[in-house]
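Note that the chains take the letters A, B, C and D in the order they are written out, and that residue 1 is the start of every chain.
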Amino acid sequence: MSALNDRVKTSSGFYVTKEAPIATDNPIPTPSVPAPDILRCAYMELVVTDLAASREFYVDVLGLTVTEEDENAIYLRSLEEFIHHNLVLRKGPVAAVAAFSYRVRTPEDLDRAVAFYTELGCRVERRAEGFTKGIGDSVRVEDPLGFPYEFFYDVEHVERLAWRYDLYTPGALVRLDHFNQVTPDVPRATKFMQDLGFRVTEDIQDEEGTVYAAWMRRKPTVHDTAMTGGNGPRMHHVAFSTHEKHNILAICDKLGALRLSDRIERGPGRHGVSNAFYLYLLDPDGHRVEIYTQDYYTGDPDNPVVTWDVHDNQRRDWWGNPVVPSWYTEASLVLDLDGNPREVITRTEDSELAVTIGADGFSYTREGDEEKGFKLGNTL
Amino acid sequence: MSALNDRVKTSSGFYVTKEAPIATDNPIPTPSVPAPDILRCAYMELVVTDLAASREFYVDVLGLTVTEEDENAIYLRSLEEFIHHNLVLRKGPVAAVAAFSYRVRTPEDLDRAVAFYTELGCRVERRAEGFTKGIGDSVRVEDPLGFPYEFFYDVEHVERLAWRYDLYTPGALVRLDHFNQVTPDVPRATKFMQDLGFRVTEDIQDEEGTVYAAWMRRKPTVHDTAMTGGNGPRMHHVAFSTHEKHNILAICDKLGALRLSDRIERGPGRHGVSNAFYLYLLDPDGHRVEIYTQDYYTGDPDNPVVTWDVHDNQRRDWWGNPVVPSWYTEASLVLDLDGNPREVITRTEDSELAVTIGADGFSYTREGDEEKGFKLGNTL
Amino acid sequence: MSALNDRVKTSSGFYVTKEAPIATDNPIPTPSVPAPDILRCAYMELVVTDLAASREFYVDVLGLTVTEEDENAIYLRSLEEFIHHNLVLRKGPVAAVAAFSYRVRTPEDLDRAVAFYTELGCRVERRAEGFTKGIGDSVRVEDPLGFPYEFFYDVEHVERLAWRYDLYTPGALVRLDHFNQVTPDVPRATKFMQDLGFRVTEDIQDEEGTVYAAWMRRKPTVHDTAMTGGNGPRMHHVAFSTHEKHNILAICDKLGALRLSDRIERGPGRHGVSNAFYLYLLDPDGHRVEIYTQDYYTGDPDNPVVTWDVHDNQRRDWWGNPVVPSWYTEASLVLDLDGNPREVITRTEDSELAVTIGADGFSYTREGDEEKGFKLGNTL
Amino acid sequence: MSALNDRVKTSSGFYVTKEAPIATDNPIPTPSVPAPDILRCAYMELVVTDLAASREFYVDVLGLTVTEEDENAIYLRSLEEFIHHNLVLRKGPVAAVAAFSYRVRTPEDLDRAVAFYTELGCRVERRAEGFTKGIGDSVRVEDPLGFPYEFFYDVEHVERLAWRYDLYTPGALVRLDHFNQVTPDVPRATKFMQDLGFRVTEDIQDEEGTVYAAWMRRKPTVHDTAMTGGNGPRMHHVAFSTHEKHNILAICDKLGALRLSDRIERGPGRHGVSNAFYLYLLDPDGHRVEIYTQDYYTGDPDNPVVTWDVHDNQRRDWWGNPVVPSWYTEASLVLDLDGNPREVITRTEDSELAVTIGADGFSYTREGDEEKGFKLGNTL
């Protein structure tokens, strides 16, 4: 469901509105208590089936820094990070996501998180000693959308290695940028995230108001997480930032040199949504990792919300390069608080893949262009 | 005055502390009322003596976008901006700064600004129609440090041109990043800015605790403004961001091609403080403009505060290249609310220029290195 | 036909040999007279059907410099060029290539060109006043492979604009790099070009010795021209260089901003062959233009010849991204000296497209890998 | 001595002529026999006093690849090289240059080298087994200018690591680009090098015709070597190339991180001469190494020769940044064939340092500008 009134078309082909043009007929109730004050996405806990293989990918290939490791888990951080980790690789029987973890502003925000999710009837677990090394008092929940979310304030500080250029590789990852979640009902998920204090920055819709994806933020970038329409709850990707575009190209070059080019799923390219430069990789378990750089500041409360037409062939790739189908269909399982995979619910609304490619779907390079200009041959 | 206890030396040679290691014996009283909630530095109003010459510099050379102009003023913005302007060039008899303007979170924050500065005994002026085109209800003050500060929420939205790559130049400026102010007593100024809600991210001190400069932020970058020790109140520079380092090099190349290389005052180089890549230019009136890219995220409330030793030759330039003396001594006048230049008060504490170069001063490349390693020949 | 004896496999997966591992059973006779001493590929004369549309593409979008123009033709050069032009756009009824033009070392080399091609029984035409503006005494031939080749020494010098950074765009084209020709029998064509003084730098073969393409040079880069196996004689592309990779990305970004992303046929990416970074565009007539940067020095007479396995999925794109089928099948007609399109002869040997993709073909990421690792989903 | 007739001033401020505008009253006789056909500068043999310290600099910091090493010498190459080495570090008592080594086109060119230098009365030594590992039959001479030159064709091939992106560092050096020699009489040296088959590409002169430096090439870049006016024979620097400018910045950043920023003598910056991006470093013995990227193609026989006015402040640095005095005055000793340092002869003509800076000298940003615009404060 959408509310596209008052939208303005820009000279770049997308629309802007003052408020997120998304509404839902099936909302999760808004809690009566305040949401925790979330600072930013802070780390993801990934379950991997072969710890050595994952270490090779994240440490030897991507160059993340090992803060700490043991036989069951590896704690990794990016070069500009000062908290203990941005990624936990934990050995387990089924590749999945154990936690999307956010840092909150104060210790008291953990009490707020408990109250917020408890009122929603969610399962909530709090551990004073934390769920992973390096993190203290933490709250984990099974959220109303089925995702395992974590909140923490207390964390071990480690050295920010930003100035340690002797440690940089050509593809150096400097920050965790965002998560991306797959969920069947994007408007419902978006409304819930707005209640949690997130603000929408961009979305993809069609003229009937079907919403295919929405991006939302706490820190003033395009997103801390996004909701991608599809069978879910699943994890679409976790994204790390580089300083410049050539750093992303260097990762591709290195994967070629290591004869691992089949780990490159999509890209590199320029996103329409977010205006960032991107690359999607698949880790040894098929977890998707985005490498990302140079989106824009979104911190003003009236930051214009951008809406892309799902038929605009430049929305996902500004250069009109095709999106590989697996990027739409594949994603990682998520775990409940007992460590069991959550059941995946099928999306019933239109799929972006179907409406943009193939028998019934279409895309255009120039709106209204009768020839479409869509690079079909590149896809089929 | 400083509080360097509990500082930890990093492997990069600087120190980190949990809280800003700055204290003052001569504080401006902390108001009893809350400070306005400042979002970010938003624009600077510069008085220029030759509007055509300034237009050539900022529009034709630097490529800022003209939102609006008339015979007396030009309103300019960067490519990723959606508010009316980031820079106002206003024709006037004396080159100076008329306003350091910040955007606040809500309209009600203007009431807070009035109360905050009124309690401090400052001159405060509020105009519902704004002081410049494109801006609505605004408050201007002569702050306790002598600077003309502005606060506003209401602003005309214009198109964010971030996706308009057909308009990009090789040196495209995408954001306003920060201001930099010259003031005689840095600890006193820092304490005042902390009361206004800023948080210190980095500073430069000596072992006696003399503070030579401090950087402080509202948005989660290294700074929205910095306090540089020197004769003041004066404006040291205003800084715009590029996406990548080559964009900054392209500006240098273009200035060479236009035979305007003498507009390059210092750089390009890598800062120690902020870890950003930088360039300093002088506009036709001698107003200093920094071009800046790639500092780091500072948005967590416990972001480690970095303290540099004033004798560390890599603090101002990570490559140890010398700082040209004019960069320390020259700065722009600032105006009071009647448009008259403020009197400049002489700094009485040690000057950074003096303690690092010349007869009594020294710098080192490696702390404790007897040979110093300072690139003296490059400076004297 | 191939001679792969004595080849050595490198740690990068391709092979090197001392001499070009290409032989032909059907050679064009080697002339008894010496070949002209060719310096470099110098310009291409393109016939375009809509001069204004082509001007918009090459001048407004790609930023080539207009040396001279009239109602029938436009003479364009790159920023580092000092001869009159690197590209002539001439208005005509059928989109085609009128000349692949090479500069020779001395005026006397024109006599050698006449003798060389005359002995081969080719049609040869010499004009003291040149065939285009800016060029003096020139020889044009219909070569034994059916291509219109030109040779000249005398040329008007124009200003090299390399230092004019005020004229640079973000995607600035600085040099003409190479041509690429489509011909049915690559070994036969290669042998002929070797007689003309070219040296092979790289090729693509299969284990039976079928040659799919070969790259050859006069100036010490990977190529001045390449022979691509396919129905020919046709022109595959003409390539211009940028300084850096971000310049190529900027061209993509600009095409997106202009809603011309469907002009991007393939890329950007990293070539296996040549190790260069690339992008392929289609001009308004469908002429293919490559943007290219950073291959390697090949000027030593014993420069190792690189042979790629046609089944190596990183040969055409080091990152394993798929080659769009049109890139293999589409090419521009070439003209005879009367301006009539040459008949296109069908290639009878295996096609690279067929042997690498689809029912019978295959590619691998890692040689010997049973799972292949080929990114099939991305292509089919 | 100069021949500046027929020079044309360009829009970039320098002059172009058809032939090198340099003449000498005191020429070395032109041999009656042909010069060897030189391909390119191939390697330098450096004597270093502390092999471990030099290894740390060239291998650990700069990332050159060790082809082979023993207790007395280290053989290093760049990533795109296929011959055994581009640099030999040989342990010895006095830091100096033992050989400027060039590769020739054929084995027979060694006979030509012997005849050429023998006729000039130079000391000539030929060794069938080579003077260093990896090189076969070689000729070393003490040339008429006092420099130890080597010529070879036979060389061991090693793997070109250009595609091995897993081995690249952020500051990867991909090619040896050129040498630079200090000699008292530049016109005399230039004339001799022209006899040896070099062609001048650029020079620096004053209006009286004093020549301060000249650049000359065999391969089609701006130079294989340059003659810098000063006390000589000495070696000014040896230069390696990177692919892009950010690679050079990364070397600076790494030196800062290693607290070795005092190894940065000058730069980074954009040269006027050559239009390349540059950085000058000093190795542990004070041997100067340039890191260099992106000059232009010079391979045509009528490539325009560029002459810069010595008073043009953008000739050495296009951005007008000052040249540190040590860059003009310091250089490495060169050895005779017995391994003894050659005597250094004082230059008697004007020094570039003196005529451009200080009491009698001057520079301008804009020719004819009365205010000069020279960034004096930056230097004195």
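Everything that follows uses one rule, which is that contacts are C-beta pairs under 8 Å (C-beta built on N, C-alpha and C of every residue); 3 or more make two chains touch, one makes a residue touch a chain.
Because the structure is predicted, anything quoted here is derived from the model rather than measured.
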| item | value |
| --- | --- |
| Chain whose Cα centroid lies at the greatest distance from that of chain B | C |
| Same-residue or different-residue interface between chain A and chain B, half as cut-off | same |
| Rigid-body rotation angle, chain D and chain C, from Cα fit (steps of 5°) | 180 |
| Rounded Å distance between chain A and chain B, as computed from the means of their C-alpha atoms | 34 |
| Whole-Å separation of chain centres (CA-atom averages), chain A against chain C | 42 |
| Cα-centroid distance, chain A relative to chain D, in whole angstrom | 51 |
| Shared-contact residues (touching 2 or more other chains) in chain D | 12, 163-164, 244-246, 253, 256-257, 272, 318 |
| Residues of chain C touching chain A in the complex | 12-13, 244-246, 249, 252-253, 255-257, 259-262, 264-266, 268, 270, 272, 277, 313-314, 318-321, 324-326, 365-366, 373-375, 377-378 |
| Chain D partner contacts - residues on chain A that touch it in the complex | 163-170, 172, 244, 246, 250, 253-254, 256-258 |
| Partner chain C, residues of chain D touching it in the complex | 10-12, 14, 16, 39-40, 80, 82-83, 103, 105-106, 157, 159-160, 162-164, 174-175, 219-220, 243-245, 272, 275, 294, 296-297, 299-304, 318 |
